[in-house]
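In what follows, chain A forms one complex with chain B and a second complex with chain C.
And now, the complex of A and B:
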């Protein structure tokens, strides 16, 4: 009974996140004073040396409105937008690589972002939590203080600063890694995999380090407070070996809030990853967004942003749905 | 690390940054964002403490104004968002029931939605012509959620205490109970949340500026890096142009973070003793 209730509430929250996110991305830009179509037409006009006739401009305006999905009242636009996103997964053609559909370009960029994010988030979460556990469990040793200071220093440093520092250190001062990403073309051979790993190292390290501080500090305070619980004291008095107390008494319980926290912070992590990709020219969604902004390719921009919101919400839902596996209280409530 | 020590280090850093960035501009008569004011790419000297950049601006003064603007934006936005989060968190935690569930669902959605992509869309549409004020306004919309979640959970535990029943039975209004009886308990966290969201706001604006989507003509901790990257400061050996804002950002953020956690732990200790 408890499990069913849990799952329905999570799925409900998921749908609400999607709804709010997509509604915001739809309405906020339309409340802005500037009109992308007029901007684009002005750009075409200046390229054509003001030679376009008013009739040609009018037909251009109409076909652009249709292409952008800007025809009709705000409400009809909204419903057709929702329908396109959820039913046909269609974001229209790209305006710079016309008529290639936007969804095609997004699907080639998506695996890069997902791959980079999943690997780094997992690594950072696992290592960070283990370090935090040790720092919290042995909180009165000197080594624990060192680990904690590491967490405190890493925690507030923003993604773009970490990326810049790593670029500065490992691409300029000691140039062992490439400044920006260049992936070999061609099929997936062993050499190409090596190339991908080599190029992904610095962006990956940025993301791992950025998540570290947060994981260490979160786990440290949880482990520290769990250690003071009565059942841990009882286990200690009963003679349970310290290692077992640390892993199956303290860690097992301190882990649960960290899982919830991970689900909640996926959005922040994703935003950081977008920025990191831009700074390293990594071929994922972040770079796609950056080039779309630069080219004024609005279909591409909306498509990428919408996919981002769906991806983040789905990842958070996946973590939430895995949670009952770790927490038996939800299964047997 | 001792929480007292944290608080001291954090406050020391913040004091230096605040006083420095608020007082120093009075000694400068030149608008630091004006381009071509000095010779380009001058090295560090007594006239230009951090040299000049490829736009003919004095790097030191640009940085001072950047820190001031970022701090002012952070404090102003954080003030508004903290007020919202206190109102939302307290009311949800105290009133409970359906109201709480609906409000928390919305709050969680705002936490989960990735903010940067949405800001990028907005930044792309208004391209550079964004006023600093409207960026602040947008940041208010997206920065209240985390704090109201925490404040709600504190309010939730306070609600069960005996003195709340006492207040209710003696005929106090809901608003009165929330403000006079519950608020004192979340006050300490409100300070912590306030500092945390200053950090968040400065960081988000800077992140937008670094990719050129904030108003990059206004000196902020992000726009200075945007210009440095745009003019390939590292390639032409202009290290101070990049390193100075990086060091300033790290120090400022460390100061904010140490103050907030130091204060939080110190307050928790004091609460435990009473």
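And now, the complex of A and C:
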């Protein structure tokens, strides 16, 4: 298959995945047993101490249906939605934060999610793979066993427990870090960057520790099996230094599946990290999605889920296009 | 190598320990801690933090606007249930015998925070905006006010006259404050009239009428800081006195696990709805943490609303009064209260909250009737000894701080509830054709096992979630084939308001805060009844209760002065009908826990220092702010 054909087919599949994903995203929330208007009205009733008259409620219902764009048939709403999303990336106003546009809310939360999760995903990947490489390459040594045990111990610990332990230790017993996030408003100065780093350290640490156990075990297993390959044995017999064998022969080849995993992990960061955001009161997309689900906020769900679909599909496309560069064997097929 | 590692570790430890010895003298947002009152947010994170326009419902209402930033013509004293003038100079004057025309006089010398005087022009402008843009504005009160008022006019800068569409005996609460919220919030004309589209106007960092202004807020919605105005005396409630904290910070300290740690660390001063276990754990670590009362139930239970089971009375078998009474008598409420709430609850057998305000008017006069009330088979279901028995059970579980004496027990735990009598409950079910099968499950007259679905909130309301599961335990033990379904808040509203989605739901309602029961019951009319399987939203009569007597009583009540004896007597008759029909299984006052940390501030209201109810999201917070004192820490 020629290069142009390869790229075209991949891009075509990518666009098809996007279209199908966005279409399913439109219909799925509509199947939820919650009506955002009724949910909102129930909240307003609660705010009003249940004192609203039936006439007032009915008038409010009709106004909201009109304002939220929920009048008309489902098909009409669908075509209007597809047009807005593909042409202007406009998901409309949030139904619970009306009239605030969904895109504005997402753009406020997105940098926090991307910043925290991109950093921690990369860190846990790099550290985990390095540790796993050493554990796998030197699997006969005691030190390697210790490293493997580290991975085995960390990996199954539920994130919630791990995070609470770290909070207890580093925000309560030794109150080095804050218990909850407080980001001060204002322009991005050095002081603000310091404030962000200070508040993000503990959430970040919990994510790195939670993630790198898996990477240790994965790379350890790959490194161990790659080390037994014939070309590695040949290199050893040829007298290639162990360090060079480890990095150029074993690591380079064992890394390939881990690169795929990294790309997909980066794609999924756009779903946010709900538990982290809840535990640390940290801003991000996870809480947005959770709130949208709870309130039946269709538009917010469309926006957040679409971002996630685009991110994962794009990551998969990037891997498809970059893999031939990483693995020469694929180039020559 | 090892030595250098140890040294490195020690150095890192010392360096990173430096923050430990740093004085805790500033809040997380940098204000002096001893000048800042820090309150846990009611809603954790708001999704619209920069929206401060009260014409739209999505404004960040739980960030202190109601208490600190606005003003109302008449506020409600949450301790007495009575209205008092705030922006108005006096209570409204009724101008005609039909009770449709009113004159309102405003206080002079009240100013917006930007120095512009508050006058009748602001009121007229706000109402004009409500009427002109009622299809665009989403504040819940817009529809209410525009259907309530017929006309209004300015007489002079401090005098207005109003006319209502119908006779109005609740003018000061509809146009002021009823329970927690107001149906309308006055906006500054000089700011809003310049906006091209007020429905899109964010009004971020608003001009306020209250004694505080927004100093800063978190664009992600986790906190908001208010600062006291220099001219607080010219604010809507400046006449009450100087609010002591220079700053008030509303902040989210995370889920209960981290919140309790922050509370122990004196990071904030007032919490809301912390669980009893967390409060006790925090108190064990920090003696500055206090509850409203030193004895059970430890907290002020005077919330406006109650928990109860809302049943679809239009649908068999819940259309039978015997079945509804069986459910009530099969509910071991003492166990529910102990298991779910550690005994920190106050029951109410009547469809309203048992508070200082309502007890003398509705509960006490009905006590003789409750004692003598019998079901059709002659059984007397009322258990006046509920509080005493509960105290006995609590003692057996090792609980301390149990109030002593009948009076104290009744005040703490309630006037009584229904007997827990499964034998009578069985008898009632059998009387309408139910039987028990070999598995011990109840079978309906048609031979099908009675499967009941109880909808409860998910973890967005942990207190109700615990109570709901506990109720389910009780009913399942009785032999009900019960399915408990936890739902998110949007679906919860649907189930509450749509007949075909509901069999039974644990909800909160009956928000009858002052003696005017019509605020909650005025739609109990036959005209609002829908079929049992209706997929349409109910527009009134939330109980879907078909009772001609009540329909007539409500209609007659609408034309009475709500402070009159006749009005209140009708209220008691409505209550009796509720009980006879068991139209709503009212359980308890909402168990609101509001612990305070008195490290930086003291003189919060307590049972032995009672000057206001301790709720920070009601008018009582204003009294609290002028009454608390810095400890000097």
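Basically, the second predicted complex is superposed on the first by the 237 of 333 C-alpha atoms of A that agree within 3 Å, B and C clash if a C-alpha of one lies under 4 Å from a C-alpha of the other, contacts with A are read in each partner's own complex, and residues count from 1 in each chain.
Following the convention adopted for this analysis, contacts are C-beta pairs under 8 Å (C-beta built on N, C-alpha and C of every residue); 3 or more make two chains touch, one makes a residue touch a chain.
Owing to the predicted nature of the structure, the values given are computational and were not obtained by experimental measurement.
Student: Touching A:278, do we find chain B (first), chain C (second), both, or neither?
Tutor: Both partners, chain B and chain C.
Student: Quick one: is A:155 in contact with chain B, with chain C, with both, or with neither? Answer first, second, both or neither.
Tutor: In the superposition, A:155 touches chain B alone.
Student: Contact-wise, after the overlay, does A:108 reach chain B, chain C, both or neither (first, second, both, neither)?
Tutor: In the superposed model, A:108 contacts chain C only, not chain B.
Student: Now for A:123: first (chain B), second (chain C), both, or neither, which partner does it touch?
Tutor: A:123 sits against neither chain B nor chain C.
Student: So, A:176: does it touch chain B (first), chain C (second), both, or neither?
Tutor: Touch partner of A:176: chain C, not chain B.
Student: Could you say whether A:312 touches chain B, chain C, both of them, or neither, answering first, second, both or neither?
Tutor: first
Student: Of the two partner chains, chain B (first) and chain C (second), which one does A:261 touch, if any: first, second, both, or neither?
Tutor: A:261 sits against neither chain B nor chain C.
Student: Considering only the touch criterion stated at the top, classify A:293 as touching first (chain B), second (chain C), both, or neither.
Tutor: A:293 sits against chain B and chain C alike.
Student: Report for A:28: first if it touches chain B alone, second if chain C alone, otherwise both or neither.
Tutor: In the superposition, A:28 contacts chain B only.
Student: In the superposed view, which residues of chain A touch chain B and also chain C?
Tutor: 32-34, 36, 164, 167-168, 172, 278-279, 293, 296
Student: Under the stated contact criterion, what part of chain A meets chain C in this complex?
Tutor: Answer in residue numbers: 32-36, 38-61, 63-64, 66-67, 94, 96-100, 105, 108-109, 112, 164, 167-168, 171-172, 174-176, 178-185, 278-281, 283, 287-288, 291, 293-296.
Student: Touching residues of chain C toward chain A in the complex: what are they?
Tutor: Per the touch definition, chain C meets chain A at residues 16-17, 19-20, 28-30, 44-45, 47-48, 51, 56-58, 61, 134-136, 138, 140-144, 147, 178-181, 183, 199-200, 216-223, 251-255, 257-258, 261-262, 264-265, 267, 304-305, 458, 460, 487-494, 496-498, 501, 508-511, 513, 519-520, 522-523, 528, 537, 539-540, 542.
Student: Hey, which residues of chain A end up touching chain B in the complex?
Tutor: Against chain B, chain A makes touches at 12-13, 16-17, 20-21, 24-25, 28-29, 32-34, 36, 145, 148-149, 152-153, 155-161, 164-165, 167-168, 172, 217, 263-264, 266-268, 270-272, 274-275, 278-279, 289-290, 292-293, 296, 298, 301-302, 304-305, 308-309, 312-313, 316.
Student: In the complex formed with chain A, which residues of chain B make contact?
Tutor: It comes out as residues 1, 6, 105-106, 108-118, 120-127, 129, 199, 203, 206-207, 210-211, 213, 222, 225, 234, 242-243, 246, 249-250, 253-254, 256-258, 261.
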